[in-house]
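Worksheet for the structure shown next.
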Amino acid sequence: MKLITAIIKPSKLQDVRSVLVEIGIEGMTTSEVSGFGRQKGHTEIYRGAEYEISFVPKIKIEVAVTNDQVDSTIEAITSSTRTGNIGDGKIFVLDLDQTIRIRTGETGNEAI
Amino acid sequence: MKLITAIIKPSKLQDVRSVLVEIGIEGMTTSEVSGFGRQKGHTEIYRGAEYEISFVPKIKIEVAVTNDQVDSTIEAITSSTRTGNIGDGKIFVLDLDQTIRIRTGETGNEAI
Amino acid sequence: MKLITAIIKPSKLQDVRSVLVEIGIEGMTTSEVSGFGRQKGHTEIYRGAEYEISFVPKIKIEVAVTNDQVDSTIEAITSSTRTGNIGDGKIFVLDLDQTIRIRTGETGNEAI
Amino acid sequence: MTTILKIFPLLGGLATLFIFYPALAAEAKPKIDTGDTAWLLTSTAIVLLMTIPGVALFYAGMARKKNVLSVLIQSFTITCLISIIWMVVGYSLAFSKSENSYIGNFDLAFLNHLTTGAVNGTIPDSLFVVFQMTFAIITAALITGALAERMKFSALLWFVGLWSIIVYSPVTFWVWGGGFLSGAGVLDFAGGTVVHINSGIAALVACIMLGKRKGYGVENLAPHNLVLTVIGGSLLWVGWFGFNAGSALGANGSAAMAMTVTQIAAAAGGLAWMLIEWSIQKKPTALGIVSGAVAGLVAITPAAGFVGPKGALAIGILAGLICFWGATVLKHKLKYDDSFDVFAIHGLGGITGAVLTGVFAVEAIGGTAGALEGNISQISTQLYGIAATIIWSGIATAIIIFAIDKTIGIRVDKDSEIEGLDLNQHGEMIHGQ
Amino acid sequence: MTTILKIFPLLGGLATLFIFYPALAAEAKPKIDTGDTAWLLTSTAIVLLMTIPGVALFYAGMARKKNVLSVLIQSFTITCLISIIWMVVGYSLAFSKSENSYIGNFDLAFLNHLTTGAVNGTIPDSLFVVFQMTFAIITAALITGALAERMKFSALLWFVGLWSIIVYSPVTFWVWGGGFLSGAGVLDFAGGTVVHINSGIAALVACIMLGKRKGYGVENLAPHNLVLTVIGGSLLWVGWFGFNAGSALGANGSAAMAMTVTQIAAAAGGLAWMLIEWSIQKKPTALGIVSGAVAGLVAITPAAGFVGPKGALAIGILAGLICFWGATVLKHKLKYDDSFDVFAIHGLGGITGAVLTGVFAVEAIGGTAGALEGNISQISTQLYGIAATIIWSGIATAIIIFAIDKTIGIRVDKDSEIEGLDLNQHGEMIHGQ
Amino acid sequence: MTTILKIFPLLGGLATLFIFYPALAAEAKPKIDTGDTAWLLTSTAIVLLMTIPGVALFYAGMARKKNVLSVLIQSFTITCLISIIWMVVGYSLAFSKSENSYIGNFDLAFLNHLTTGAVNGTIPDSLFVVFQMTFAIITAALITGALAERMKFSALLWFVGLWSIIVYSPVTFWVWGGGFLSGAGVLDFAGGTVVHINSGIAALVACIMLGKRKGYGVENLAPHNLVLTVIGGSLLWVGWFGFNAGSALGANGSAAMAMTVTQIAAAAGGLAWMLIEWSIQKKPTALGIVSGAVAGLVAITPAAGFVGPKGALAIGILAGLICFWGATVLKHKLKYDDSFDVFAIHGLGGITGAVLTGVFAVEAIGGTAGALEGNISQISTQLYGIAATIIWSGIATAIIIFAIDKTIGIRVDKDSEIEGLDLNQHGEMIHGQ
C-alpha cells in the first residue's frame, strides 16, 4: 500500500476528485496548505507598508491506495491538474505500512 | 518508530486525546481536514442554487510512537472513536526514519 | 529522497523559510496545526465557565529533499527554531518513495 | 407651496376627519408635535436595531460556529413573526380599552382603527403602535439566548408566537395598557418588568425544560467569535437610547434625563462587572464588560424616567455585580444551561432595576418619590409588580413549552445537535473558502 | 473665490449668483419646522447607513471569500463617487426647474444655490439635497450585486458614474422633479420606480452583457459568510424607515403610517419567502428570510404613503412569493448570472410594488384611491411609469456597458477571476493569521 | 439621599444647589424646542455609535487576529470609563463657569446641577451633558489606535482616564467652555482641535514612547480582516452626521448645511486618497478609500458650520492627499509605529481642517469670513488654536505616559506580545471551531 500526497491548485480540487472517483478511488482526505516554490507569492500594500506574502494557497490531497492503483492514481492526478504553468504542484509517494478501517477493524487492502 | 495518522470525526477528538494520554502518549499533532469517503457530504441550497458539498469535516491526528507503542496506540484510537457508523475514519501507519526533538537535539525514541 | 516534517512555533516560520532558502531548498509546504505535548495549552473563562484549551497553535512544514540534503535541512530547521524552551517542536523524517512534478512529469530528485 | 402639493399628493387634502384615540377623547384637539414625532420615529428605528442585528449578533458571537446562523435567523424570524402577530392581535390585547384589568379586547385587531390623522398624546397613533411593536419583538428575541444550540426551529417559532400573545400582551396591558399593575402604582418606565423580567423568567423556565446542551460542562462550548458579541452589545447600547428615552414619548426633559441616566448605568454596569471579574478571575474579558453594560442597561430600564445620575450610578454598579454573580455563580450552582445567560442578565437585572426604582426614584424627576425620599412603600409596590410578572410568565411558559413538546417536540435529536443547527435546521453554513 | 476656482478648474464656469429654489420663490416666508428637520436629518443618516455598511455587507456575505473586500469597496466607493457627482451635476439634472419635462438643467450645478437660510417645504433646502443624495447613492450601489465577482473595478466606476447621470437623474426628474411621470399621476412614494425598478433593470441588462461568473452552475459559488448578509439585511430594514418615512419630508402622520406599513410589509415578505422555501426546499434558510424581508421592503417603497396596514400585508406577502420565484425559478430558466439577485428582488419587487400601489392605495391615507376603491385606472397609470423606466434604464444601461466594454473592457480576465478580485483588483486579502 | 451618600462616598461632599448654565442666565424663560431636542437626542445616539462599535471595528480590522478582541475591548471599556469620569468631574472641568480662562471648576461635579427642567439653549441641559459626553468618549478611544497590539490594558485605562481629565477637559474649556481660545476667535465647529488634533498628538507622543511593535517592518503585520474596518469606517461616517450636524445644537439650517458639507468632504477625501494610491501604488484598496473618507470627515469637522459645498470639496480633497502622505510617507520616514495611523489621519487631518476653516469660511454661512473672503487673519487665529492644543496635549501626554511607565509599566512583555493580547491580557480568543 502507498500513501499518495498531492499538492495542487485549489481550483483543481473538484476535477481531481471526479477523476479519482472514476478510476475507482473511494476515499481521500484534503486539507488547506500554503505552498512555497517557484510560483511566487504576492505583495500587499496597506497604507504604504508592503507585506511580502511568500506562500501561495494550495490544497493537499492524501489518498491511500493499494500497490496496483499507484500508477493510475498518479496518472489521474497529473492529468487533471496539469496546466503547464508554474505552480501546478507535486506528488509525493510514501510507503504505507498498515491501514485500519476504524468502523470494522479491517486492515490492509481491505481497509482502503 | 512509526508515524500513526488517524482521520476521525471532530467530535471524538477529546476522547482520543484522553485515551492516548492514559496509555502514555505524550505528544500529538492535529489538524482540520476534509474527508471524502463512504460517508456522504451534504447539499446546501441558496436561493434555488444547489451546492453539493462532497467533503465532510474531519480531524487528522498524527502521533509518532516507538515500535512497541504501535499496537496499543491503534487500539486506543480505535476503541475511542468507533461508533460502528460509516465515517468513523481510518488509521494509516507509516515507517518513521528519524525523529528529532528541536529543543534538546535528542533523536530516535528519546525524541518521541 | 526523504520527506522531512517539522512542527514548529508559528512565530518561527519566516526564519525557517529564510534559512532553508539559503541552503538551497526551493520548495516547501506549510499548514496550520494544533499541537499537544509538554507545552501546556491555556484556560479561557467565559462568564465563569472554564474551558481548557489543551492544544497549542503550531505550524507544520513539509519539505521533500534529496538524500544528501537531509542533514543540512535538519540542521537548518533546528538552528532557526531552537529557543531551548518547551514547545520548540519536533522533526520527523520519512522515506519518500517517489516524487513527481505535475507540470513537467519529472520524477525523482529532478522533481524536488 | 402649490407646486409641491402637486408633486406629493399625500400632503394635500389630509383626511378631514380626525379619529381621536379614545383615551384622549376628552382632551381638546390633540395635536401632533413634530419634534416629539421625530424622536419617536427615530426611537422606533433604533429599538428595531437592538433586535436586528443587535440581539442577533450579541447572541451569535457566543454560539459555536456550527450554530451561528441558527442564532441569527431566530432573531430575524421573530422580528417578522411578532410584527405580524402584533398587527393582527397583539397590540389590541395589550392596548385596547377593555372592561377588565387583565387583558385587552379585539377592538383594535388588524389595526383597523389606524388613520393617518389619529393622534396619541403628541404623536401619530400609528407611531405608537409601531414603537410598541419593536418592544414586543425584542422581548421575544431575548428569550432565544437561553434556548440556543439545541431547540428545533419550528418549535421555537410556535413558542415565541404563543408566548407573545399569552404572556407578553397581557403583561403589557397590566403595566402600560391601564391594567391592574399600573393601577397599583408600579413604576416601569421602559419595560424592566414587561420586557426584561418577563423574558428572563420565560428563558429560565424554558431552558430548564429543554435540558442542557450536549457536552455542557464537559466539552468546549466557548464563544466562537466575540467580535459579533461586541458589535451586538454596542448596538444594544445605542438602541437602548430609543428604548428608554423613547419611552418618554416625546423629545423633552424627561427623555433627555432618561438618556443621561441610561448612559451612566450602562457604563457603571460594565465597569463593575469588569472589575469584579478582574479581581476574581484575574482577567478582564470583552464578554464580561459587554455583559456588564447590558446588565446596567437592563436595570436602568424601569428607572430611566424616575431617577437621577447618582441613582443611575448606584443601579448600574449593583446590576453589574448581581448579574455577574448570576452568570458565574448561581447558574453553575443550580446547574441549568441558560446558553447565553438570559436569566442572569435580563431576569436578575430586571428584578434589580425594578426594586431599585422603588429605592432611588426622585419626585422632582419622575413625579414619584422612592424609598430614599421617604416613600418606603414604593418598594413593596415594585415587588408586587415583579411577583405578578414572575408568576404569570413562569407558569404560562411552562404550559406552552410542555404543550409543544408533547406535539411536535422541542429539541433536535443528538446527531443534529452534533452536526450543528446551521446545517441541520437551515441547510446553510459559514464557509471559509 | 478666484483662488479656489483656479485650483479646481472643475469648479469654474458656473454662474456665481445664488439661485433660490424656484418652487419656493413664490411662497410667503417659508419657515423651517425643527421637528420635520430633525426627522429628515435622521432619515438622511440612516439612508446612508443602508448603503454603507448595509448594502455593502448584504452583498459581501454572499460572495466567495476571495471577493469579499471587492464587494465592500464597490459600495463604499460608489458612496463617495455619487456624492460628488450629485453635488456637481446630478441634483441639478434631477430637481432644477427646466422647460422640458424629461430632464433638469444645470442651474443648480455645484449646489451654487445653497444658503443656510434657504427652505424647501418645511426643511432647509440643503437637507433636501443631501437626503436625495443618499437615494442616488443607494440606487447605484444596488446594481453592483448583479455584477459582483467578475467586473473590473475601473469599469464599474465608469459605469455607475455615467449611469447615475444618464439614467438616475432623468428618471428622478420624471417622477419627483416635476417631469412627465408625475404629471401623469404615477404614484411612487419613496422610489419603487426611481430606485428599485431602475436599478433592477440596469442590473439585469448589465449582468447579461457581462456574462456569467466562471464556474457558474458547476463550481461551488456558495455564500461564504451569511453573518454579513444578515447584518446588512438588518441595517437595510432599519435604514428603510428613513427611506420610506423620510420621504414624507416631515415628522407627521404620513411618516408614521409609512413606517408602520414598511414594518408590516417587510415582516410579511420575510415570512412568505421563508414559508414557501420551507415547503418547497425543505429548510428555511437565513438567506431566504432576509431576502424575503428585503423583497417586502422594496415592494412597499412606492406604496408607503398610500396604503394601510392590510394593504401592506398583502403587498409584503406577494412580493415575498414573486421575488422567491424570480430568484429560484426565473433566473435559472433564463440562465443569466445575476450574482446576488438584484433583478429578482429589486426589479421584480419594485414592479410588484408599483402595480400593487395602484391596487391598494387608500384615498383617506394618501389622497389617491386605488383599484380596490374603484379607481381601476390607477393601475394603468402605474404600468405607464414602470414601462417608461424599464425602457429608458434598459436601453441606456446597454449603451453605457457596450461603450465601456469597447474602450477599457468590463471584465477581469480568467486568471484574475480565479485568483479573486480582492487580491487582483485591490491588492488586499482577508487573513486568518 | 443620605443612604446613597454613605454607600458611595465619592458621591458625597458636593453642594446640592442647582446651577443653571450661566450663559442662559440672562435669557428670559428659555424654552425647550422639541425638534432641536429630537435631533440632539439622535445625534447623541449616533455619536456613541461612532465609538461602539465604530472606532472599535475600524481599528480591530487592522489588527492581527490574536489582538482583535483586545482592540475592541479598549474602545468599549473607554466608553464606560469616560462616561463615569465625565459625570464625576470631566463635564464640570470643561463647561463650568470658572474665574480663569484655562479650566473650569468643580461646581458641576457629579452633575449635581441637573434637573429635568433645566434648559441649555433650546435643549434640555442634561442632553447637552450627554451629547458632550460622547465627544469625550470618542476622543479618548481614537488614541488607542496608535497604541494597539502592545500596550498593557491596565496602563491604557490609567492613561486615558488621566488624559481625559488633564488634557481633554481643559482643551474643551478653552474652545467651547468660554476659555481663552474661544475668546481669541478660534473657529472649531465640531471638534477639529478639541477632538482630532488633540487625540492625534496624544497618539503620536504616546506611541513613540511606547516603542514599536515587535516585528514592525520585518514581520507580516497586515490587517487581518478589513471587513471590520469597512463596517467601522461606515459607521463613523454615519455617526459623523451627529457629530457635525449635531454640533449646531439644533435642527436648523446650520445643521443641514453642516451635514451637506460633511457628506461632500468625506466623499472627496475618500476619492482623493483612492486616486493617489491608485496612481502611486497601482491598486485602489479598501483600506485606502475608507481611510480617505475618515480623513475628509476629520478635516471638515472644525469647518462644518462655516464653509459651503465647494469649500468642503476642497477641504476633503486636500485632507485625503495630506493624510495619505502622512500614513504612507511621513510615518515611514520618521520611523515611529503608530499602529493604525491615528496621527496621520486625526492629527494631520485635524490640522488641515483647522487651517482650511480659516481659508474657506463663508460669512453668509457661519457668520465669520475666511481668508478667501479677505479675512486673512483668521488663518493665524486658527494656527494659534492649533499650536496651543499641540503644546498642551503633547507635553501632558508625555508626562502621563512617563509616570505610568515608572509605576505600573506601559507595555506587555515580549512573550505576551507574541502570544497575542487577546489571550494574554483578556484570556479570550476568536475560535474557528
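Letters A, B, C, D, E and F mark the chains in the order given here, with residues in each chain numbered from 1 onward.
The criterion applied here is as follows: a residue touches a chain if its C-beta (ideal position, glycine included) is under 8 Å from a C-beta of that chain, and two chains touch if they have at least 3 such contacts.
Source: prediction; values computed, not measured.
For the pair chain B and chain E, chains touching both partners: A, D.
Counting hops only between chains that touch, chain C reaches chain F in a minimum of 1. More contacting C-beta pairs link the chains of C-D than the other of the two pairs C-D and B-D. Rotation angle for the C-alpha superposition of chain E on chain F: 120 degrees, rounded in steps of 5.
The two sequence copies chain A and chain B touch through a face in which the numbers common to both fall below half of the numbers used overall. Inter-chain centre distance (chain B to chain C, centres taken as mean C-alpha positions): 18 Å. Distance from the chain D centre to the chain F centre is 32 Å, each centre being the mean of its Cα atoms. Centre-to-centre separation of chain C and chain E, using mean CA positions: 52 Å. Residue positions of chain C with contacts to 2 or more other chains are 31-32, 44-46, 53, 94-95. Contacts with at least two other chains are made by residues 33-36, 38-39, 42, 46, 220, 222-223, 231, 251, 281, 283, 285, 287, 427-428, 432-433 of chain D. Of all possible chain pairings, those that touch are A-B, A-C, A-E, A-F, B-C, B-D, B-E, C-D, C-F, D-E, D-F, E-F. Across the complex, chain A is touched by residues 3, 17, 26-31, 64, 94-103, 105, 111 of chain C. Listing the residues of chain D that touch chain B in their complex gives 219-220, 418, 423, 427-429. Against chain F, in their complex, chain C makes its touches with residues 11, 14, 42-46, 53. Note for the complex: chain D touches chain E at residues 1, 3-4, 6-15, 32-39, 41-42, 44-46, 48-49, 52-53, 56-57, 60, 68-69, 72-73, 76-77, 79-81, 83-84, 87, 110-111, 114-119, 123-127, 129-130, 133, 153, 228, 231, 251, 425-428, 430-433. The residues of chain D lying in touch with chain F in their complex are 33-36, 38-39, 42, 46, 64-65, 220, 222-227, 230-231, 233-235, 237-238, 241-242, 245, 250-257, 259-260, 263-264, 266-268, 270-271, 274, 281-287, 289-290, 293, 308-311, 313-314, 317, 360, 364-365, 372-373, 432.
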